[in-house]
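Letters A, B, C and D mark the chains in the order given here, with residues in each chain numbered from 1 onward.
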Amino acid sequence: METNLQTEMEHSPQSRRETAHHNEGPKPHLWAFFLSIVFTILAFAAVASEAVSTAFTIPFIIFLAVVQAAFQLFIWMHMNQKDHEFPLTFMMSGVFAAVVTVAGIILMIWW
Amino acid sequence: MKKGNLWRLLFLVSTLALVLTGCGDPELSALDPKGTGADMQLDLIMLSLYIMLGVMAVVIVIFTYVLIRYRQRPGDNHIPKQVEGNTKLEIIWTVIPIILLIILAVPTVYQTFVLAEDAAETTEDPVEIKVTAHQYWWEVEYPEYEIVTAQDIYIPAGERVHIELTSVDVIHSFWVPALGGKMDANPGLVNEMWLEAKQPGTYKGKCAELCGASHAKMDFKVVALERDQFEKWVADMKEPAPEPTTVSAQEGKQLFENNCMACHATDAGQKSLGPNLNGIADRKTIAGFMDNDKENLEKWITDPAARDVKPGSSGPKGMPAFHDKLTEEEISKVAEYLQTLTIE
Amino acid sequence: MSTHVSHAHKKKNILWDYLTTVDHKKIAILYLFAGTLFLLIGGIEAILMRLQLMVPENDLFVGTTFNQLLTMHGTTMIFFAAMPLVFALMNAAIPLQIGARDVAFPFLNSLGFWLFFFGATLTNISWFTSGGAPEIGWTAYAPLALPEYTGTGSDYYVLGLQLSGAGTLIGGINFLVTIINMRAPGMTFMRMPLFTWTSFVISALILFAFPPLTVGLFLMMFDRLFGANFFDVTMGGNVIIWEHLFWIFGHPEVYILILPAFGVFSEVIPTFSKKRLFGYHSMVFATTLIAFLSFMVWVHHMFTVGLGPVANSIFAVATTAIAVPTGIKVFNWLFTMWGGRIQFTTANMWALGFIPSFVMGGVTGVMLALPPADFQFHDSYFVVAHFHYVILGGVVFGLFAGLYYWWPKMFGTLLNEKLGKLHFWLMFIGFHMAFLPQHWLGLMGMPRRVYTYLEGQQLDTWNYVSTIGALIMGVATIVFAINIVMTFVKGEKAPADPWDGRTLEWSIPSPPPEYNFKQTPLVKGIDAFWIEKMQGNKEMTPAEPLGDIHMPSPSILPFIMSLGFFIASFGFIYHVLPVIIIGMGIGLGSMLARSLKDDLGYHIHTDELQEKGV
Amino acid sequence: MSDTHVQTSTSLPPEPEKATMEGRNKFLGFWLFLGAETVLFASLFGTYLGLRNSTNGGPTTQELFSLPMVFVATVILLVSSLTSVLAIQAMHRNNMKGLQFWFGVTVLLGFSFLGLEIYEFVEYVHHGHTFTSSAFGSAFYTLVGFHGGHVLFGVLWILVLQLQGIKKGLTVVTAPKYYVASLYWHFVDLVWVFIFTVVYLMGKVG
């Protein structure tokens, strides 16, 4: 843990130099957009179609939502890139707190 | 070092003083359990207390030793060795607490489930009691006997009774320390619990969740009777009250019917807006906390929300003050009539 | 950048200076004074309650009045006294401890303070309104807090907390970014002083714990003001949702208060033992573990709600687990002193008095975490005793330790040690006298939040003793006030490093110049200043050459913005639309102004810099 | 789309939003704020899920929701997310015109989303589903309304930034503002993904 934090600190934040960034050009964004639209259509179709059972639909659409959220975070908001260590850590902590909150509240209200 | 000693002295003195004053009111104290639930709870409290006193003792001993041994002495200016840590020690004081917690966790989880048992599974045909909390009184219903009463909860001793708790206004909490721990009475929801008194007696109950101005005075009683006595009580409750014999009590009855009947029923099976007053003459207290005598009855009817009675109890759903509706004499007559409402 | 806004505005009048300041050291002083003011108010409320409970069936404050006192005491102490005092110490110490010239967002720092201050003022104003103060307990359970049962006092509670909560959230973000981005070269995470570490962790807790409170308060506000039905069971609402949201916030909040106190002790005890902190790594680990666990234990406040044995058991086990990292901390402090050279300064007295007091509060915490036992403890005086042991014996002792420790750095004067020790002993004795007996009162059948108890239930003696203890604490506070006044009148001038300190803040003058460090220091290890001193250096090694220092400009906007929302709150409470519009207009207009007008700041030139202070 | 590539200043660093300490602070601070927003919306989702069947005799989720309208709203927000990312890419090429254009499209899409949402709410009110009609109503309008409020704030914010951009141009001071505004916009879209899934689709399934 220490070494990890130490290396993170090697380039102390006050004297950090920016290097050129990656992922420029609209290509990955267009792909993410295209897939988001596809996933949205899939989710709506799963609900609209009578053939798909409810037991399958709900986990399926939630899974699609999580993937779409990941597109937003990682591709459009660049959360996986350099300089995003702390955003990543804190967003993940936030998601943890969010999941505990939602799961806790609804499980205890429903049962 | 001074500090360590003083602290221990304080602790010893207070513990001693606690022993000297006993464990509190025997009808109220959780330290003197009279119910099987309270027994279990006190056992767990004592187990955890012993473990925790052990932990405290270790800390205090090290603390006192360190303060005596390593305090700065005059003229001493040495620079102590800068110790980074000690893995072995750190593992010890991580692992030992974990073991202690596991020792505590086992009976805890076991008891949590025992206390959540359905009385019907452990007792054959348990007495069912529906307790409904109101701002600031408790309504008690026995559906199988078709009895509705208030404030005094009669139960047979030596068996588990099944209690359903709810509330019609705010959140209250049902607590009879000598018999067992609390359960909240939530509006819109029903909670279940069981209660068992080991021997006959009267046990004091309290509301434990802040519920408004007179939260402090929302007391009730649990009266445990031997089984046959309990059945006699059930039968007596269903007997109509004797007609009042004195003239003033008869006038009181008339006044009661004109002024009070809208909110207070007097026959056993009927629910009413205010407490059902069947057998009020035999209740342990007036309004849950005052001695049951004529003077206090008059005081209550005159102004229930008076500063020394139950502040806030005359709200929109509460009982109005009758000092401007009835004369003192009339109030006295109503009180006299109420005192004839006995089940004996 | 140009110097067109040179610090000509430096010597304006002191009121304007503090209204517009964005300097973390001055904001620390603002937090300190506001927090102390509300601490006094909350303390007076406590003493009034104890006077009512001194004898059975007393007639001093009954019914609603007493409920208002207990509500305002709890709310004030947690949100308006403990929180700002923690923020006072954080503002005073953190930038200095990490070798920064300022916080990351000086403007937001000021905004956070003013939002808190106006929120706290709003809630306290309720005393003087026709509806009176809130009477719902600091937990404000629905439906008691709905308009059907309580008046405008509850609105003041909701809106006051909403405002001050926003301020706290802003403060939390500010400290996170400050600690992540503004550390001096060489100040790695694992070289940070422990107070900075605990502050970092609690800022993260603030970040994730305050939003549920915000939501809860919004729901309550919608129910109260706009006829929503979240907690109205007749319309399908559910009263337990408030309890969940409140405690999802409420439990981390307890650690938000106590962890900085742990941080203070982890500074004070090593300094006055002349030893480095024992087990630094495990201290950091324990802190983060406590923070992590704090999000999974909220139901231990709700064991009696009737959530069932499964939920109760899970949350019971998770709760008791917190005892492990807390225990690690206590033993690390003990072993920091072991082999050291312990000096009994006032600051250290508070730290030493804390250890037995807090351990008592901690062990009763484990006892409370056991649901069957908690069925007896819950909402009784046992709980009152428990949380006063951890909050007074932990948080308040920590705040006093920190205050005596950092006072010279904040004000450049030393508090009187003799009065300080008197303050400590009176407080220590009064504290145990007031709260130790409450454990037994609870078990003897006394519920909390009762305005009276009946005669003949054997509750008289200990209530009497408890009240005497509270009065002694009152006397202690007077001694403290005398100490502060005397120090301002003729205080002893403090040197830069009065305690032979170990961390960076002691390497610069007391009080520090507005730019803190003339040159950013180079950090070589844990206890950076101590390392330099051991190598025979009087100052830190600089990490950069001497140069002009850029400073942010002061601004009145945070004050005006907060004032706008404060005004709008009255509009909401009394349903006056024009007031809402004016208030929100001022608030949002100030935000717009901030966005449109860039702050260029000003420069301090090398020739203006003081001698000392790498 | 990016053929209007005009180099306005040669001195602008490649990632202008993170070129200064202030910019880096703003960047990180805003991410942390989004972390807090995550928990805020989670609390609202939790409340909604707890109350969504408490219709108090009013229309249920199945009776109420119309999928085509929600689908259109979703596509609008998804496209606006793409346009805001294109705006930031234009900024990285130091192309102020492209930035303004794509943000302009984003704002227009934001407004049309709001228009659709208002239309939808009016429809529901006609069906007797209001803020005060049931606990479900309160929870629904609070959750969806909080999101709508975020959209409204977002479009107004981006508009203000665009107006500033006309005067101030693209500098190391303005670049972080554009960057965090676009982060905000993505986050608003992200929340919508969960709203259409959890509120509308799950509501339709039952």
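By our rule, contacts are C-beta pairs under 8 Å (C-beta built on N, C-alpha and C of every residue); 3 or more make two chains touch, one makes a residue touch a chain.
For clarity, every value in this text was computed on a predicted model and none was experimentally measured.
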item: Most distant chain from chain D by Cα centroid; value: B
item: Rounded Å distance between chain B and chain C, as computed from the means of their C-alpha atoms; value: 35
item: Mean-CA-position distance for chain B and chain A (Å); value: 50
item: Numbers and ranges of chain D residues touching at least 2 other chains; value: 21, 24, 28, 32, 35-36, 39, 42-43, 46-47, 50
item: Per-residue multi-chain contacts in chain C, two or more chains; value: 176, 180-182, 207-208, 212, 237-238, 240-241, 244-245, 248, 281, 308
item: Junction residues of chain B, two or more chains touched; value: none
item: In contact (per the touch rule at the top): chain pairs; value: A-C, A-D, B-C, C-D
item: Touch list for chain D against partner chain C, complex; value: 21, 24-25, 28-29, 32-33, 35-37, 39-40, 42-44, 46-47, 50-51, 54-56, 131-139, 142, 160-161, 164, 168, 173, 177
item: Chain A to chain D touching residues, read off their complex; value: 13-14, 16, 18, 20-21, 24-26, 29-30, 33, 36-37, 40, 43-44, 46-48, 54, 57-58, 61-62, 64-65, 68-69, 72-73, 76-77, 83-84, 86-87, 90-91, 93-95, 97-99, 101-102, 104-106, 109-110
item: Of all residues in chain B, those that touch chain C in their complex; value: 3-4, 7, 10-11, 14, 18, 21-25, 28-31, 38, 40-42, 44-45, 48-49, 52, 55-56, 59-60, 62-63, 66-67, 70-72, 76, 78-86, 89-90, 93-94, 97-98, 101, 104-105, 108-109, 111-113, 115-116, 135, 165, 169-171, 173, 175, 177-178, 180-184, 186-189, 191-192, 204, 206-217, 219, 289, 307-308, 311-312
item: Chain D residues within the chain A interface of the complex; value: 13-15, 18-19, 21, 24, 28, 31-32, 34-36, 38-39, 41-43, 45-47, 49-50, 67, 70-71, 74-75, 78-79, 81-82, 85-86, 89, 92, 183, 186-187, 189-190, 193-194, 196-198, 201-202, 204-206
item: Residue ranges of chain C touching chain B (in the complex, touch as defined); value: 57, 59, 62-64, 66-67, 70, 135-137, 141, 143-144, 149, 233, 237-240, 273-276, 278-282, 304-306, 308-309, 312-313, 316-317, 320-321, 323-324, 327-328, 330-332, 334-335, 337-344, 349, 352-353, 355-356, 359-360, 363-364, 366-367, 370-376, 378-380, 428-429, 432, 436-437, 440, 443-445, 447-454, 456-459, 461-462, 534
